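Look for subunit A in each of the two complexes below; its partner is subunit B in the first and subunit C in the second.
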Partner chain A sequence: MIYDQFLQTLLGGLAIGCIYSLIALGISMIVRATDILHFAQGEVMMVGAMTGFSSGVWAGNAPLLALIGGTFGGGLMAVAVELGVYRPLRARRVPLINVVIATIGVSIVLQNVARLVWGSEPLAYPALFETRGLVISGFTVSPQLATIVVLSVLIMAALAVFFRYSRAGIAMQAAAQDPDAARLMGISVERATVNTFAVSGMMAGAAGVLLGSLFFASFNMGFITGIKAFVAAVLGGLGSVPGAMVGGLLFGVIETFSAMFISTSYKDAVGMVVLILILLVAPMGLFGRAGRQV
Partner chain B sequence: MKMPPALPRLIALLILVAVPLVEHNAYWLHVFSLALIAAILALGMQLLLGMAGLLSLGQGAFYGIGAYVAGALAANYGVPFLLTLLAGGLAAAAASLLLVPIVRLKGTSLAVATLGFSIIVHLVILNEEWLTGGSLGLMDIPKPTLFGVSVADDDVFYWVCLVILVLVFVAMDRISKSRFGRALSAICQDEEAARASGIRLAWSKSKCFLVAAFTAGVAGGLFAYHSRYLSPSDFTFNESIEIMIMAVIGGLGSLSGAVVGAFVVVLMPEVLRSSGELRMILFGLAVILLMAAGNLGIVGLASLAAAKLFGLFSSARAWVSKPREAN
Partner chain C sequence: MLRINNLSVSYGPVAALRGIDLTVEAGETVALVGSNGAGKSTTLKAISGLVPPSGGTIEFLGETLNGLKPEAIVERGIVHVPEGRRIFPRLSVEQNLEVGAYSARAAMRRRRIREEVYALFPRLRERRQQMGGSLSGGEQQMLAFGRAMMAQPTLLLLDEPSLGLAPIIVEEVIRAIAHFRAEGVTILLVEQNAELALTLSARGYVLETGQVVLTDESQTLITHPKVWASYLGEKELEDT
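Entry: the complex of A and B
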């Protein structure tokens, strides 16, 4: 049954990778639109996990409501920090590194506010999805992991449709590519930036619900996950949407397989070594566009 | 009339020297010594970030390497205090040579690659029990002695840290005014122009990493004697991020700013201890608010205020002493 084990591990890696991808997408979009390295993206994810938990429990273990609650919680939180912190900082024309450190400040604040609101104990998510093993043509498949992969793919597909066909999505891309030209075309760059934070926060919030349903939700779940998503985004090429998706998947699969075949204690190190090697060969990441300074 | 530039530094030094004479509480002296060690770390970071514009998140790793090398040499082989500090610094500097291939990365890529480096070093410290004691930590680090005299008392150890901080500060000050320091600030402003002026980019950047790593290693050695017990959780990547906050919060590019930033980052959570659960929230808010001050940082804001006061004072004196025409 070595095949079975391999597939199980692969599915686990893909599920974790999808979660990284969702967070990495937000990080990448924010970098592309504002040049800000958003260190608080993991905390936005955590807020999504918490609001998803609360709305799921309030609605009596309704998975869909948990997902919606988490998505909106993350989106609202991201918009709040953009309007309340980053926009005023940008308006004061402080150097970029100051805004980046302010995102660390935001991350500290969110973590500790969440500890006050939801307590410091990890919260066990109610069983949102089927947990019995499904047997598909002889292979056991965990429905939980499969649901995570399917949901993430749906969310990313929705994002692609949004970018391709909606007015707001096209405006966001235009504003990110060339703010001045976008302004001349009558696009409000300010609004496009808020939209960017909203969409990236919603994806992080959804990722939080998925991650919480897999393990636990706790106030300190965000930072390390955010850092890993960061690495995934850089791996794929910061600022590139397909790069963030592939980078997240790749990082999740590498992490899971090295935990399985190399050592559990060094699973994070393997991912970092791969990251450094890829950056040495392609300093802009896998899908990064050369010539653009990020 | 202008304020002499060295005066505030001299006053600050005198205050720092006097701290143990005024404050006898062992706990607070312990915290103040930690702030001095953090200041050494922040000075190293200022060389990287403030002068050369290199956003490295690997300083926590070099701090850890220095601490473990110094601690292990002292605990297992009885190597004297100053030699272990030197060994810690040299080991960290040697480890920084591993980063030579990645110094050519820019901006975010450099930050994330060095972050990866500090995560790897943390995992090695955590998992290689034969080398570091693993998650149990490194214990039994002896009390520091200088030429046979114990310097383990809280006040004496504080002064030892202060002397080393002053040495590092003077060294950094000299570096910033040297050819090497000017090369670094040229790289910070425009890499291509610097290269065109004959500056070897990879060489200068690697040297900058090396010096900063040595500084962090010495700070790590001091920390080993300060806590006399090393735990892997002291050297996670959070440490690197905290060091970056110190360098920026006080004023990017300013050496005094690095020292002030280190004191703020170490002391503020202690001062806010009475606010209990709100402590870290207030700390985060303070970080955000200070970032709104822009490039100036705390030191810039303070000197702006001081210059205003001083200007007010001297213009008042000029007004008083101005010869008036008889009317």
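Entry: the complex of A and C
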């Protein structure tokens, strides 16, 4: 049944797209708040996948604990690199481009540390979610994919509520839009920046658990996924939060369909070609506005 | 209330303030006038902690402010409305007001004060869901005043509140300043529009290339040739 297969592929694309969106959101938030292109975001995701794996196993295969462990693992790792690396660099007035290079260094160091701690063999996630096919009104739906989509949507909705209504969320946006004006209102821009890294790391960490549960967790899973999330963020318009969400979904769906219709081996290339085509039409991305805007 | 002694500020090699003395007593409205680049904004930035002094002291209610971060200075009741209003463009009017009351000292009474802001500027209530960046210049100035009200200042630093506004909106600015004065707020008012600043204040200082060249009662200053010099430029005055 071709329609059924189409729906399956679409759901698969949306699920992987949600994972890209969660990572891309963090990339966009960090660009907005600090102008840093955070190339280590994929590794933060990987750390989330690893800590999620460990806490899930430790708790005796508890999916919720894996998700919580991954979320906090990612958040703590992002805060650690901000406090330990990026903030000291900024304090020494290191040019922005060099800080961006440092994020690549951080990504390599994190990969090596993860290899040391968790080994180089891919870790098979215990079946976190139901994997048997679920039949909804005649269509077979993978509950695992559906769970990923539902959880991602919930996380993104929570983020939207956080930014719209919470004092900390509003303060983070104010600090990103106009740091000096925010300071005059009593906002500590340093703290808002740490919060930005914390929230973006938590989302990446959650994404790591979802991705790990779909395939497996390994020390080098963050690199290509991080690059794709970057593409998703650029696709949506770097620095735009709705753009990162849509960009991730779009990229996931395009990639999955091109794997089905063209070839699995070329799906990465097809995704990149689509990116270039979209940038030719909409140079600033779909929701374009780059970097910090005052 | 505010006592500035021999304050100097430099931006790298550029000396923006070269040893100024200035005092503001509780409940006063004091004007600070001068031509472009005289150092007016720099004075306010030094008081609110945005730029570090390179020399001299700033004292507020007997406490030295030197070295405190802006966040800490707001907590002491000094609220700086910067030049160009600096509304957060992608926050709604209501969120902008919320940010105004971010400091711990202002957070408690923020609901009540927000109603006061909306009562003073009904236009802001109508637009409370609109993004700050989509407001007109006049509306942004009202929002900047609203944000300052939310912060519940003891000492209010106003940097060119009338800049670029139509006369009818300047009336709103005057109304807002009157509101703060009625609440007993002390005001240090920076204006290039010396006439406006001096009609609103009791005393004034004239700043020229980083130094106080004159200070007197506003009534006296308003007719003083030096004040007009800062309008027209030194050269033209010498020529006449």
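What we mean here is this: the second predicted complex is superposed on the first by the 289 of 294 C-alpha atoms of A that agree within 3 Å, B and C clash if a C-alpha of one lies under 4 Å from a C-alpha of the other, contacts with A are read in each partner's own complex, and residues count from 1 in each chain.
The criterion applied here is as follows: a residue touches a chain if its C-beta (ideal position, glycine included) is under 8 Å from a C-beta of that chain, and two chains touch if they have at least 3 such contacts.
Keep in mind the model is a prediction, meaning the values are calculated, not measured.
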Problem set entry | Which superposed partner A:146 touches (first subunit B, second subunit C, both, neither) | neither
For this session: For A:62, select first, second, both or neither according to whether it touches subunit B, subunit C, the two together, or no partner.
Result: neither
For this session: Answer with first, second, both or neither: which of subunit B and subunit C does A:88 touch in the superposed model?
Result: first
For this session: Pick one for A:76: touches subunit B only (first), subunit C only (second), both, or neither.
Result: neither
For this session: Return the chain, subunit B or subunit C, that is in touch with more residues of subunit A.
Result: B
For this session: Scan A:260 for contacts with subunit B and subunit C and give back first, second, both or neither.
Result: neither
For this session: Considering only touches as defined above, state whether A:173 meets subunit B (first), subunit C (second), both or neither.
Result: second
For this session: Classify the contacts of A:280 with the two partner chains as first (subunit B alone), second (subunit C alone), both, or neither.
Result: first
Problem set entry | Which of subunit B and subunit C A:184 touches, first, second, both or neither | second
Exercise. On subunit A, what residues does subunit B touch that subunit C touches as well?
Worked result: 293-294
Exercise. Which of the residues in subunit B come into contact with subunit A in the complex?
Worked result: 49, 55, 101-102, 104-109, 111-113, 115-117, 119-120, 123-124, 126-127, 237, 241, 244-245, 248-249, 252, 277-278, 280-281, 283-288, 291-295
Exercise. In their complex, what parts of subunit A are in touch with subunit B?
Worked result: 31, 37, 85, 88-89, 92-95, 97-99, 101-102, 104-109, 111-113, 115-116, 227, 230-231, 234, 238, 265-266, 268-269, 272-273, 275-276, 279-280, 283-285, 293-294
Seminar exercise, completed: Interface with subunit C, subunit A side, in the complex: residues 164, 167, 170-171, 173-174, 177-178, 180-188, 293-294
For this session: Could you please specify the touching residues of subunit C with respect to subunit A in the complex?
Result: 48-50, 69-71, 74-75, 79-80, 82, 86, 88-91, 95, 98-100, 102-104, 106-107, 147, 151
